[in-house]
Every structure is written in structure tokens, then in C-alpha cells.
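Notes to accompany the following structure.
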Amino acid sequence: MNVIESGMGPVFSNPDPDEARAFFRKKNRTKTNKVMSLKEAVEKFAHDGDYLAIGGFGANRTPVAACHEIVRQRKKNMGFAGHTATHDMQILSAGEVYDRLDVAYVVGLEARGLAGASRSYIQSGRVKVTEWTNYSLTMRLKAAAMGVPFLPTRNMMGTDTFKYSGAKTIECPYTGKKLVALPALYPDVAFIHVHEADIYGNARFKGIAVADLDLANAAKRLIITTERLISTDETQRDPSSTKIPYHVVDAVCVVPFGAYPGTMPYEYFSDEAHIKEWMAAEKDPETFKAFLNEIIYDCKDNEEYIMRNGGFAKMNELRALELMIPKEKK
Amino acid sequence: MADYNSMELMISVASRELENGATVGVGTGAPCAAAMLAQKVASPDLVIVFEAGGFGPELPEMPISVGDSRTFYKASLAGSMGDTMEYCARGFVDYTFLGGAQIDMYGNLNSTVIGDHAKPKVRFPGSGGANDFASFCWRMMVMTPQNSKRFVEKLDFRTTPGWLEGGDSRAKSGLPLGAGPYKIITDMAVMDFEPESKRMRVISINPGYQLKDVKENCGFELLVADKIKETAPPTAEELRILREEVDPYRYVIGR
Amino acid sequence: MNVIESGMGPVFSNPDPDEARAFFRKKNRTKTNKVMSLKEAVEKFAHDGDYLAIGGFGANRTPVAACHEIVRQRKKNMGFAGHTATHDMQILSAGEVYDRLDVAYVVGLEARGLAGASRSYIQSGRVKVTEWTNYSLTMRLKAAAMGVPFLPTRNMMGTDTFKYSGAKTIECPYTGKKLVALPALYPDVAFIHVHEADIYGNARFKGIAVADLDLANAAKRLIITTERLISTDETQRDPSSTKIPYHVVDAVCVVPFGAYPGTMPYEYFSDEAHIKEWMAAEKDPETFKAFLNEIIYDCKDNEEYIMRNGGFAKMNELRALELMIPKEKK
Amino acid sequence: MADYNSMELMISVASRELENGATVGVGTGAPCAAAMLAQKVASPDLVIVFEAGGFGPELPEMPISVGDSRTFYKASLAGSMGDTMEYCARGFVDYTFLGGAQIDMYGNLNSTVIGDHAKPKVRFPGSGGANDFASFCWRMMVMTPQNSKRFVEKLDFRTTPGWLEGGDSRAKSGLPLGAGPYKIITDMAVMDFEPESKRMRVISINPGYQLKDVKENCGFELLVADKIKETAPPTAEELRILREEVDPYRYVIGR
């Protein structure tokens, strides 16, 4: 079909739905207990060179513990989908985990400011970068979830964002209008943090979905980190509440406070003080090295990280903040 | 005279194709009965998929509609039609059972019209989700009574894709690669499709029938496998479960 | 762009997203009490010649009362999206409401058999028919919901279903694969039946969504019929449970048993005896005329229809059936 | 010396553009403050939209992230990024506020890089949802301090579409018709875009500034409306609500 224009950015993953179909055909759909430690799940399902995508939105219902574990295991040369990647990006950049990056929003922390280390890593020129937008990355995951090689949208046109993307423009067969065609994105491995899941992987969360429903379907391997386990009786009682069915899930890791220091809706608010610590530590390489040892490399797991950061007292404070419970009423 | 009817035979034979952990897109009636039977005999983790959005239910009884509440009873997902079909399109669904008023030698199906489309002699429901399931699911199967009016040389309307014109025509069509008709299970025999020509081929004949019967009750020339087996009849256990648990009111298997 | 093949069926609606954007831009988004009678809603929002689409799936969470009211008000020359249209189709056919039809599944009642009157009406040649599939109609609504003129899929190819559709085939700009391009479908008016809604139109339902989420967004005018009203405090308390937000809703009609004689998940099972009555009555024009007078034309509203069909006693029976409560335990 | 600062002025001016029942896509900071102020002054039914999926919340306080729980507090929808952007793409969202490191005379924005893309002098976050909002929402507005480093003749990188190269270039680009930059609100003035050329045009000047200041602090040639008004300063009520209810900790309006 005649392509009108092509972006010059590399596409880091294969949009071919038949290649993906052959993979998904082999995925196990029996009801098997998939509960394992996050350490084991990362060892088993995340490999050097994989294309990685994670759920949530920057520092909101983000699988932070999973990002820590990926860094702790010193994974390298990964591709990464940076859709509003903020604190997650700080962590992955600190470990220099990725060397190719689909960018929608990176090196920023929204209202908090900029993420220095992420920025210097990308400015170092050691990272291949292709530009997209938040919606475009979502649509690329949706295309994969739908089993089609591309989806059309009406954004990006007329900009350098398009020029430095891997997208193409085409003409609508019905209206003759120019449209952007976005190539399907099938991540090799994805992590999504949820409120509740059963042992097979039937998972629930509350609040905004961001891109997680499409991500769950698009990812070739999916690890669920969950605040807590629930019984399969409960997921079966109310299938309308299941957001991610077990068929697409490879591992279930029980990780309380797995989104800390980010926000987990209805559970705990973000620890802004700790994120400020990060931003400060990032400014000096030596300080940052010590800081990373303290909170990641020297921690056995997320529990140790939480305990080093104030434990239950801090978590209870953050819960009160999230629920907007006035101090005096505590 | 055997102690089972042809519907019970077809359902039992069909159910044996559904291994544990497989996914199958079904409609109401015999296909659903076959899936339920498989779940209760050898494939407890068979994932049954309904086009309206029910995914992985533990069916408490036969649904009347592929959208009624039974289709998402204790399900892993009460989703949307888009969800179901996206699972299929993504390659997640192994099998589907379909049917029609007419079938040809390549397993193409007609469930749309007899006669001219503009002013049909008989209007049938149309594709529904059949064309979608047949396009996306890896292996399409048909359970149907066999006769020359149903097994025809040329369809009045090709609603649902089989192997199209045979050979590599489906591979060239744009439909997902590697998916297509797999087994045709009738009251008289079981057919598959010859790998090169993609033409329907008799591989086993049901108890009480001869190859002659199968050929006489088909409107096109059937290929015949080198070795034809006799179709294994329903076991006592299959019949008991089918009659007592799957279809106690005999909606599908009849009296 | 080069179209490879085009179906010969007419496309009954304009897929142009800019035309739709101009319409949606003017839609009222203030929080206004939209509660009105179904009679008033149909008078106000459903017009002769409109393209009509309804939610649910045949006889499952289908706005049956709305179909009755449309027939009662003798609407004519409508377009209709027949995605697994079963009992709803029987009603609309009885009123000869539509004269152009996008077909995925019509004239059938699933396991129940065939709908005689719908069939003869379509066979009469007085109805323009374009063929699609269930998924294709869903995707056409999704395209409209996404504000794009078409979406690509991988079904329909190689069949007469494509040949008699309004679809086209195109080549993927990334893989060179042949794909079907489905034109966006923006219904002029749509009806969706739900369990609960507030006065502004924030609506919830349980069980399968079928195509209702995309339909709600694709429709230019949307009428919600609901089993019951809930407070806005409740919808605001739990926005994660809202399936259809008020912004897209034009009217909220409180219609208990509004899906009868179809199934309403967790509320009541279908009245198979009554549907059999329909099928029997359809066989003879005179009988059918009298039957329609009895249950539609001579009924003031859905309440009268329900009362004529056994009232609360019948509804309680159907509830027990739906919940699979054994008789002796009632 | 006025009893308000330039941020308070910009937020107040911006908030007046948001009529009751309008929809506005915002990020954190000043845009969010303007939307909250509008809700509390004259537009209680203003529908605030966040890209991460929050739709129509009653913001209890300033969100830290466009995805935190405040963005769907008492909302009409806690949806997905796709939901939000589809609302925008469908023409449901009237306004959006965006910003950037650089802006040109057609309202195009750069939030990606300074210098070469392959090895940038400075890497900024990139589009995020900005390109999407600017493509889809009917009227894009910018609140920004004004200086020649920010208001430039040529962007280092065009992240987000304004009127592109002006004239009918946007109409020909494939972007949704009729949408584009609407007002630019700075610490010195308010600009709109001349309908034919789509070039930035001064329409009102803020108290305490002269046209001369506005021109000197802009890296490209500004058009000037026939009648230039003085920008109406924040009212006492606007300042009270902004300081006491919208931003009591002065995260945005500063001290």
C-alpha cells in the first residue's frame, strides 16, 4: 500500500501478528499455581536483551519492586517502552538496564521536576531513542492485543515527533484522509502491579487502567505483582471484576507495597520525601552509588527496602495520606 | 441397534479432540455439549470461549444463548465481544466448532442465504461470530448430520472461510496463517483435510455405516485415507455423563 | 491509498470522523437531570430514518422495552445494526421499523430456532442488506469510538461475507499482509439497558459488556434504560465501577424488567415460554397482529407489558431461575 | 506593586476561558490550578480530563501526578489512557493547556530536545500526552513566562503541533479539522492567532507592561491586534479561592 511518509526512527520489535500468534498458541492455559518470588519470576521470565514494558503510570500503581529486582539482577541491553516513565525510569536508568527506548515521556517526574541520572544516561548517546506519544504507545499495545500489525490514529502528523518515530502515514480508503499507522508492539516481558490476584493469575485493580489491559494482552510473558492474594472462589464469584484473566499470566508474585514509593490507589500515597532523596542523590555519582546500594543492591527484596524506609509506621502514614484522613482523626 | 444415537456419537467423538488446557470457541447446542463433556471426562482445564464475552466459565448447565449468564458463570473473564475475538485474533484459541446449511469440499460454510442474496429463497442468520472464529481459531471443526443437500459441490454463499479454493489459496488470502478446518464429524464418518489439496478426506467411519453410505450422502467427491479406521463409539462413561450431567433434559441429544 | 478489493454492499452511515467531531463538540456536558419516561426519550431522540443500534446481545441485557416503545411509536425507515439480533430483531421486524440492515446475525434465535416474521420481512426484498460479522460490527463501533474512519482486522477475507459487505481490503504498510479495513459506524441513536444509573447518566452493569462500551461512545445520541436509579454519591464513591460516564448520555429511563423477556444477568432469566409464544404467534399473520396488539400496541408502557405477562410472581420465578435457586428452597 | 504575582494572573486569566460544561485536558501545575479555579468560580460543571484515565473528577487538592488518585476522585470515569484520548479524538474535549521549552509563532511546541536529537545538548521528557491533546482537543492554550529564549523563530524540535507552518498547513496535515492553538497567556500579555496567517497576535497586555516589553521578550515578530486591551487582573475572589482553596501550599503560585 502506498505509504505517504515514514518516520526515521527504528522500530525495536516485530509487529508481525502471525509470529506472535505462533507464540501465543503455545502459552499454557491450564490452571496452575503460578505463585513464586519476584526474584524467581525475574530470573525465569526477564532476560538480557528482552523488550520490557511495565504497567501503571510513572509513579502510580507501578511495579516498582519489579524494577528494583530487574536492576538488582543487573539485566542489560533491554528495550523499554517509556510511556510516562518517571520513577520507574529513574530506577531502570540507574541500572542502565535498557539500551533502546521508545519514548513518550521520559527523564521527567511530572510536577516534581527532572530525573537527572535518566537524563545523563540518555544524553550519553548510548541509548537508541525512537519518539512516540503516550497515546501512540497505548495504541501500539492495542494493535498487538488485537492481533493486527498496525492501528490508524490522527495524532503526530506535522511534527518532528512523527519524523523521529517509527510510524508511517497512509491514506484512508474511505475518506481519503491522511492517517498515522502505528506498528503493533509485542513486549517480550511485562510487569503489572495490582491490588488482588489469585494463584492462577486472575487479577483485579481499582482506579485508572492506564494502558494495562492492552499491555497484559500484548505481552508475550506477563508477571503480576500483587498487594495480596485472594481466593479463586472470590475471582470466580465475580468475574466482572477480573481485569486480567489468568490465561495471559506467567507468574504471580505477592509483593505488599510493591508500588512504593509510588501511589497505589486506595492503599497508599506516594512517598514524596523519598523521591526527593532520589533526586538529590542522583546529583552526585558517588552519593548515588551509595544510595543505590542502600536501597537496591544491598536489599534482599522489597520487604527489606520497605523496612529500611520506615516500615509499617511510614506505610500507615502514606495510607492516611492516600485516603485523605486528617491527622487528628488518626 | 446401538444403545446411543448419532448425536451422542458425534458429541463424544468431538469431545475427545479437546485436550486439557486447550481453548475452544463454541456456540450453543452440540458444540457446547462436546466442550462440557470434555471438561467432565478428561480436560477439566479446557477453556470454553463464547463470542459475547464469556471466557473460561465452569458451565453449570447448557446455555440457551452464547450471551446468557451461564456463559460467564465462575468464568475467568466476563469481558466483551471484542475481548473474546481479540483473544482469538491473537492466536489464543485452539479450536472452534461451527455449522451451516451447506458445506463444501474445502470446509467452507454457508449460513447466510439459499438463492440470490438480493432476494433470497431462504434467509439464514448470517455469519454471527462464525466467520470470525473460523478466521482466527487455529482448528475449525464441524459436527453435522451428513446428506447431499448439506455437503454440496458449490455453496450458494460462502459465509465462513474453510480452506477457500484449497491448496494455498487460504495462505494467500490474508487470513491468519496456519489456521483452518481440521475435522468434520458427521453421523456417518469423520473427515479431515488432505494436507496438499486441502480437500475433505474420510479418515474413519462410524459403526453401522459403510464407505458407500458416506460417499452417497455427499454432493462432492470425497477423498479417502489409505487406512480408514472405525470411529470409536461413545464409552459408557461418556454416555452417562452426557445424559446425566451435560444434557439431562436432552435438549441436544434428543430422546 | 490502493484498495485491493471492495465489498459491493452499501455503507449506511458516514465514517467521517470530522463530521462526527463537529457533532460531539456540541454535546451537553453539564450535570443535568436526564431522567424521563421511555416514551418521552424515544419521541425526543429516535427519529424516522435514524440509524439505530442497541446494546446487549439478542436476548441478554437487551433494551427490550425500548424496542417495544420504538414499535409502539411506529418509527419507520431506520437503519439497524444487527449484531446477534434475536428477540430485539423480532420486535423491530414486527414493526417493520428498519429498511436497511447491517447484518451479522439476524432472523435467528440461537438455540431456540428461527424468527419467522423477521425472515419473511427480509425475504420480502423491502430491506437493503449489507453483510458483516459480529466482530466486524464491534470493530466498526470501536473505530467510531476512537475517532478514526476505519480499523484493520484479519477476518472476512476470501468469503462472500466480504463480497456483500461494505468493507475494503488494504495492504499493511509494515508487513505487506492483506487486511480488511472496516469503516467506522456512528449510530444516530442507541439504547443500552443497565443495572444501575444515576440521574445524570453515569451507568453500571455486571456481566459481559458485549459491544456496549464502544457503542456508548460511538452513538451520537444515547438513551440509557436502567433497572433502577442509584445516587450520584454512589457513582462518585466508586468511579472504577462506572461503565458509561454521563457525558455521552442523553436520557436516563427507569425501566424495571426492561430486558424482559430476555435475560438480565444476576436479576432475571429469559422467559422461554413467552418467547415460544412469539415464535408460535409469528406463524399466522392474524394471530400475530392480535398478539402484537396485546403485548405492545395496547400496552401503555413496559409496566403494563410485565403485568400482562405474569407480573411480580413471574418475575420472581425468573429471578430464581437466573440465580439457579432450587425450587424447594424458594 | 500589584498584590498578585504573574502566576496568579496567568491562572486567573486562563480560568476565565473555561465556561461551564466545557471539557479541558490538563496536566499538573498551573493548568490544573486554572481548571480548579474555574470550577470554584463560575464553571462547577467543568469536566477536567487527565491523560492517564481520570475523567470528570472533583479535585480535592492539587494532584502531584496526572495519574494519582486525586485525578479520579469523585470522577465520572476512572478509565484508561485510551479512554481519555478517544474522548479527545472523538471531539469531546474543548480545551487543553500545554507548555514547552520553546514555542514558535504558530504555537508549535518543543518539549523533546535542545540540540541534535541523536546526541542532544538537553533532553526533555518528550511529548507525553501533549502531542495527542494538541492534535485532538479543539482549542489548545499555553500558560508560560515570556522571554526570547522560549519564544523562538525556529524550534529545535517540533514535539507538539500548533498551526504547523501557518495558513492552511494544519488543515492539510491530516490532523483533525478545526482544532489548533487558541490563546497564549504569558506574564506580560495574552496572544491569539490571526485567522488567515495563523500567526501569534497580541490581543491584550497585562497590567504593568508595555507592548514594547512584549515584543522585546519574543524571538519572533508578533502581530498586534487593531485594538489592544489591558488584561483584566485577578479579582479579589479569584485570588482568595486560588490562595485558600486551590493552592493553599502555594506549590504553583509560589510565595
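General observations
Labels for the chains are A, B, C and D, by order of writing; each one numbers its residues from 1.
Here is the rule we go by: contacts are C-beta pairs under 8 Å (C-beta built on N, C-alpha and C of every residue); 3 or more make two chains touch, one makes a residue touch a chain.
These figures come from a predicted structure and were not determined experimentally.
Between A-B and B-C, more C-beta contact pairs join the chains of B-C. The most distant chain from chain C, with centres taken as the mean of CA atoms, is D.
With centres defined as mean CA coordinates, chain B is found 40 Å away from chain A. Put simply, the C-alpha centre of chain A and that of chain C have 37 angstrom between them.
Taking each chain's centre as the average of its CA atoms, chain A and chain D sit 28 Å apart. Within chain A, residues 17-18, 146-148, 153-154, 177, 179, 206-207, 240 each touch two or more of the remaining chains.
Within chain B, residues 72, 78-79, 89, 136, 176 each touch two or more of the remaining chains. If you draw each protein chain as a dot and join the dots that touch, the picture is not a line, a loop, a star, or fully joined; it has some other shape.
Every pair of chains in contact is given here: A-B, A-C, A-D, B-C, C-D.
Only residues 27-29, 51-54, 60-61, 63-69, 71-72, 78-83, 85, 89, 108, 112, 117-132, 135-136, 155, 157-161, 164, 169-170, 173-176, 251 of chain D touch chain A when the two sit together in their complex.
On the chain A side of its complex with chain D, the touching residues are 56-60, 82-84, 86, 103-108, 110-112, 114, 119, 122-123, 125, 129, 131-136, 138-139, 142, 153-161, 164, 169, 177-180, 206-214, 263, 265-266, 269-270, 272, 322, 324. In the complex of the two chains, the chain D residues touching chain C come out as 20-23, 45, 47, 55-58, 72, 74-79, 86-92, 94, 136, 138, 176-178. For chain A in complex with chain B, the touching residues are 17-18, 20-25, 27-31, 144-148, 200, 202, 217, 235-237, 239-240, 242, 245-247. Of all the residues in chain C, the ones that touch chain A in their complex are 1-3, 11, 15-18, 146-154, 168, 170-175, 177, 179, 181, 183, 206-207, 240.
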